[in-house]
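Look for chain A in each of the two complexes below; its partner is chain B in the first and chain C in the second.
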Partner chain A sequence: MLIKLRILTKSFPILLLCTLLTGCWDRTELNKIGITSATSIDWVNNHWQVSYQLVIPQSISSQSAMGTSNQQAPVMVFSTVGDSIQTAIQRASLEMPRTLFFAHNRVMIIGEDAARKGIGQLIDNYLRSATSRETVSVLITRGTGRKILEQLVPMEKIPGAAIQNMLLNEDKHNSDLKQVMVYQLAMSMSGDSGYSTVPEIFIAGRGVESTNVEELKSTKAETKLKMGRLAVFKKDQLIGWLSLNDGFGINWIMNRIDQTVLFFSCTPGSKHVQSAVHIIHAKTRLKPTQQNGQWVMKADVQATAQLIENGCDIDPSKREGIKALEKLANHAVTTSMQDALRSTQAMKADVLGFATSIHKKDPKAWKQMKENWDEIFPQIPLETTVNISIERLGMSSKSFVDILKGKQE
Partner chain B sequence: MKASQKPTIPLSTDLHANVERIQTRLGGSSDIIIRPLELNFPQEQCSLVLVYIDGLVENAAIHEFIIQPLLTVQDSDNAAEDYVGIKNVLQQIISIGELTSAANETDLFEGILQGHTAILIDGVSEALIATTCGWERRSIDEPQTQTVIRGPKESFTENIRTNTTLLRRKIKSPDLRFESLSIGRYTQTKIIITYLEGVANTTVLEEVKRRLHSIDTDSILESSYIEEFIEDKIYTPFPTIMNTERPDAAAAGILEGQIIILIDGTPFVLLTPVTFFKFLQSSEDYYQRYDIASFVRLIRYMSFIISMLLPSLYIAITTFHHEMLPTTLLIGLAAQREGVPFPALVEAFLMEITFEVLREAGVRMPRVVGPAISIVGALVLGQAAVQAGLVSAAMVIVVSFTAISNFVVPAINLAVAARLIRFFLMVLAGTLGLFGILVGCMTILIHMASIKSFGVPYLAPLAPFIKQNVKDIFIRLPWWRLNTRPTNLTTNNQRQPAAPQPADAKNNKS
Partner chain C sequence: MERISKFQLAMMIILFQIGSTPLFALGGKAKQDSWLAMLAAAICGLFLLLMFLFIQRRAPDKDLIGLLRLCFGNIIGNFLGAAFVLYFAYESMRNVRDFGEITTITLLTSTPQLVIMLIVVVLAAYAICMGIEAFCRVVEILTPIVICSYSALVILIFSSNLVKLDRLLPIMENGPVPVLKAAFPDIVSFPFGQTVVFFMLYKLLYNKKKFCRVSMIAYSSVALFLILMNMLDMMVLGPTLSGESTIPFLQAVQLIQVGDFLERLDVFVTLLLFLGLYVKLTMFYWASAYGLAELLGTKSKLPIYGVGAVIFATSFLEPDYTYHVWLGIEVSVKFFPIFQVLIPLMMFVAILIRKPHSPPPLADTKSNNIMGEETIG
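Showing the complex of A and B:
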């Protein structure tokens, strides 16, 4: 017992000192890290230009002795240039007193020039690095990405978080443009068809850009960040753009609709839109089949909806009324999907997942078609069956416009 | 000297020699009363001397039940044939309930010093010891440290006879056994071992007795002296013997098969053997309903873990693992740390040491000064330090919450263990991050699993897993489900006949 005690007492200080030997090598205090909330990549003068949006904690948190008179912008933006992306990041230590911390990076904005050049190297960077997350949202912009980072957003303190929230909001409620994360982009770029889509963000409005906190003090902003078209990538290079409607149709085909508002006109084919339903659930089954040696895609859409706006003459409180509205809604979805198909086939860009589903269905046939997919894809027709069931009518049944008309007569 | 080794010097038959011996041995202290008596019997004339210590005895008992019968007996008639010896006569005359005889000096002095009256008889080498103790004692009060909202409000006192009475009133079974011994060379403290025959484990009982008999020390002033002598010899911050001030908690322990050690002079009794989970149970769990009792018990477990781990988790995450915090929290914390000169580990140590100092000062503070100092402590140290930029506000919150959750643990000796381990874990967190905390926790867990309390594994019934005993660990099942005693303490398992369910509503319809 005494020997054990002696061994313990002798070894304990040594063990204690050993813990101090570590030097705490990974230790960084909270006020020594530069928290990056958004980054952007541009290709300027044959160099990679990486820009960072760093959060300034003191001006965001409500605590601390600084009053509101000393209004500092909540973020600061700076760029570094290099031959490779990591070289550029390395150069940041030349002008930054803090270590860059990418774990809280929310969005990655890619400038148009960089996109046309090819972003394969950027994806490799992301996948290889230990500190950057692959769940970062990717956005593309016309012009340089740095301009987007410099823009302040009225409602949120951190613009990077604001951009991602905007994207998530759109993804969930609008389903026009879907959020694309780095790993999803990597998967679709290296997938069967090699085509992928990335949403676009740009600065809308003419006037002074809101890079100054003073600009935010008025009730209206002259310029604001807005989501726009859909960019199409072949392998890792930008080849063209699709419109929002095309994006909507693509999402219907690819079963990516979360919740959305579907608007339609009172007579099929008319451009005069008057009614809308809110789609609550939607599910699309995409099946490839062979007819007479030709591949045909069958899309079967089932959705539940709620009527939210009724400007048509149809009385939804009767069964036939609902059936008529459903028929109009189905027609709207079908048109949307066929429009999307036409636009993508014009670009020869298979962003609809046809390649993957044919590959899954019949790998042998896919092996033969793989080489000529760019020629085969534009020939594939799409047969759609849409079945939207309107389950709720909202708080009133007849259309108000109808009631007014009734009164006049 | 151990109890078995006391020297036995026999008394002499000469009365004066004995009285001389007593005077020299006790040094002629001013509180020793020596009262000579002369008895005249027809058969013989004998001298008696009463020796007792004033203050320890109940004077009325001596006057009425010893001196008075002795003085009045001389007048009565004694038949010659019945006369056997003066000692026998005295045993018939003295109307004290407990009358023993002492043949050697040790027993004589033990009797006198415990408050009994010694009756020395000329010509007889034995002395009679009459129990007459009665002194100022504290009345049965509310327990000071382990209070409950609902439940009995009696507590043990310093007098061991009161304590045994309190236990007897709770357990009215003939199987309740008391065995007493005296420990301590100078204090001769009376120790009583209490157990329930048939329920307590005999091996554990033998071990307890063996350990108690092997104690050789000057004094036993408090139960903690005994605790440190008899606990298992593993160097551990975790306590292996529980103590309580409440008779109902002690009685519940006896009924589960534990062995209680009562010590004269302190209201805290010892309970052995215990497991880790017993320290986190309170008697109140059994007096409230089972649903609220289970909930409060879960909160206690959570608080114990928080009081050990919270500061280290904070240090580790804010120093090494910034990726784990949500962005808004990270930014808030980073803003708070601007302008704070110390790294997180140093800040944490400063605040923890400050709090320990405050806590110790609070214990010793005179009541009149108390409120003023607590204001100083709270406002100055907490608020002003944050505003001066010496510590960050989050650290103050972490430290105060840790301290508060430390008080939730019902047993103070386990709370102390958490306090000590906290510092060890903070150092590990500051040097090795979450990995260090996990290493520390693994070490603690392995250490806890290796502790045994009188042969019972410390982490039973989780390690080794005894499914039967888990009913009372994290949640308390209602009484009609708790029909077995914990198996690690006893082999007599059936607590009550197979569970009568509470009255079924269906059966009550008429």
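Showing the complex of A and C:
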């Protein structure tokens, strides 16, 4: 009897747990969710308009990859409107057979009006939700974000993923624009200066937008997605734009250069670009110092490079030649850094992280400057020392243009 | 009489202290100096542990209830013992609620909390019914898993280039006051002061030689680990995000992107959280049930069910998460030091005063006798 009772008491928890652990409340069926690959947000008529790029699974499966003439588009785009972002997202159930699933969302496109209105609420949504990721890339567009989502990208099936890959490609190999993820944006917005930058995406070209699969059948696209300028945010609001070149300089100042190609002219100051080096590795040390009561930022750049194009009348196989080329490259970096500084100072927008580095260096001084930092920032000069060493010349030494000239003589 | 080994004790201290701690931004008030606050609290906790161990060494064969009776006499001892039973049950209840809340926030949004908490309380009750020995073996098995998972996540965080050392700067920009304010009493009472629960465990050791050293080593290493985890959160997320986040470690792990496929490892964090919280709540639950059994002088398993039912029921009293956190951070820390510092301090003084009457060897034989009676009875 006692043994039976013990078996009963021991089997009771097991039975109870077995029934409870099935977890039927939160089951998610794969064919009941609509996977978004990109979302965009616009501010239209005083309402948030959220657009979604939903992946249509059957059209991206490998069977249909070869494509038939009446192939379905890989994604569909639709929008919902609401007073808050979640209201808008909730309205999606009025027109969708599936619940939206944001864990595979790759990019977030913000329309200019929404960006001017302020995107704090959007970031709150990301940080609060457990399913949407903070590794989503953020992009700004001039018009409405929805237009970007509608655009098909040749070579890639899912446009959302294509946009992120485009951004990563730029980030890794060119470094004019850097990928900005939601958490990075949240960090820089809440940082000391409160200014941050976000890359722009736009539809380049005139004519029919590639919203139709038929468009992809041609070898040339009339319009395409392209990345452009750099949007500047004060706290969570868009306040202006910086050019691509400014972006390049900003990345040099902020030590965000991975690999890039640096172009320079054969005489310092000239705008006629003739040579280029491939920067393999770069490091910038930004140091605030105080000189006679005035803060000065010191940027010390160390980089290694490989010569990839030589249109100058300089022989890089000689040591003096290399030195001369390095000097030209150094000059190019210095100019681009100073240009970027001028543009940001003209906007009084400290996107360069000067505030943070002064705060870290001297918290006491920062406390006094904090209040009118926007006025102090434009006065701060930047002293640069650039040291690029061209370590390799590639497979050839003298400029071919030079060789031809020699032949003629 | 159940017995545990020193290795099991060490594992228990490690896993118990890890608990859910690495997941929360402790000392958020101190911003980027929160790790300094942790350090200060950990050192303070070390002294507390030293005191606990000193008290325990005087009467190695007594548990907390026995020690309280020894120090303050039977009546006051029983009264304080009952208070400790309530305190342990309360701590356990907080962990049950944490378990429920965090599961709901991160993984199972529409599952009723009742179910989640019922599962975990039944599991804990089951482990306790099997005896503390069985539970210690469970901990022995879980600790390596937990340590490996944490290390894997830390390595992944480093390899996705998320760590920026300079986010820890500037150090102590507002002087040491905010750091100390963040450390005392908040971080001392959670998690470092919670070692008071081990008073219930020491007497079960097989071999009481060097148990102090084992405890100190285990405590110091786990404290160091917790401080490093706190620094890691800060280095990844910066003070603002890590301070505002409910579970900063989860937030940090969500950012991992290695080689385009090692992403979204949230579920590891949630599993670690489950393991840690489970160990912690079971330990408190056990201490409470065991203490109650001893107070009542019973050997039946009824106290286990009773305490379990109370823990389960009270975990619903708090209406929402904000209230739960408020109660934990604003109210509980005010009275936790009574149990973690004040009463042990009184015991310490009492035991010092009583020293001439009952020197350690005598106390040992005496307590052995008592224990012998207990086992017979």
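To be clear about the criterion, the second predicted complex is superposed on the first by the 382 of 409 C-alpha atoms of A that agree within 3 Å, B and C clash if a C-alpha of one lies under 4 Å from a C-alpha of the other, contacts with A are read in each partner's own complex, and residues count from 1 in each chain.
The rule is simple: contacts are C-beta pairs under 8 Å (C-beta built on N, C-alpha and C of every residue); 3 or more make two chains touch, one makes a residue touch a chain.
Note that the structure is predicted; figures quoted are calculated from it, not measured.
Participant: Go through the superposed model and pick first if A:I60 touches only chain B, second if only chain C, both, or neither.
Facilitator: A:I60 sits against chain B, while chain C stays out of touch.
Participant: Applying the document's definition of touch, where does A:V213 land relative to chain B and chain C: first, second, both, or neither?
Facilitator: neither
Participant: Given the touch rule stated above, what does A:L20 touch, chain B (first), chain C (second), both, or neither?
Facilitator: both
Participant: Tell me the contact category for A:L30 with respect to chain B and chain C: first, second, both or neither.
Facilitator: Touch status of A:L30: first partner only.
Participant: Name the contact category of A:I7: first (chain B only), second (chain C only), both, or neither.
Facilitator: neither
Participant: Tell me the contact category for A:S190 with respect to chain B and chain C: first, second, both or neither.
Facilitator: second
Participant: Regarding the shared-chain residue A:E134, is it in contact with chain B (first), chain C (second), both, or neither?
Facilitator: second
Participant: Per the contact definition in the header, classify A:A103: touching chain B only (first), chain C only (second), both, or neither.
Facilitator: In the superposition, A:A103 touches chain B and chain C alike.
Participant: Touch check for A:A204: first (chain B), second (chain C), both, or neither?
Facilitator: The answer is neither, since A:A204 touches no partner chain.
Participant: Once the two structures are fitted together, what part of chain A is touched by chain B and by chain C alike?
Facilitator: On chain A, the overlap between the chain B and chain C contacts is residues 16, 20, 26, 103.
Participant: Taking the touch rule as given, give the residues of chain A at its contact with chain B in the complex, in rising order.
Facilitator: Touching chain B from chain A are residues 1, 5, 8, 16, 19-20, 22, 24, 26-31, 33, 35, 37, 55, 57-58, 60-61, 63-65, 101, 103-104, 106, 131, 158, 161.
Participant: Spell out the part of chain B that touches chain A in their complex, as residue ranges.
Facilitator: Checking each residue of chain B against chain A gives 233, 235, 318-320, 322-323, 327, 330-340, 343-344, 387, 393, 427-428, 430-433, 436.
Participant: In their shared complex, at which residues does chain C touch chain A?
Facilitator: On the chain C side, the touching residues are 105-112, 115, 118-119, 122-123, 125-126, 166, 169-170, 173-174, 237-238, 240-241, 244-245, 251, 254-255, 257, 263-264, 266.
Participant: Within their complex, state which residues of chain A touch chain C.
Facilitator: Of all residues in chain A, those touching chain C are 13, 16-17, 20-21, 23, 25-26, 103, 127, 130, 133-135, 181, 183, 186-187, 190-191, 359-364.
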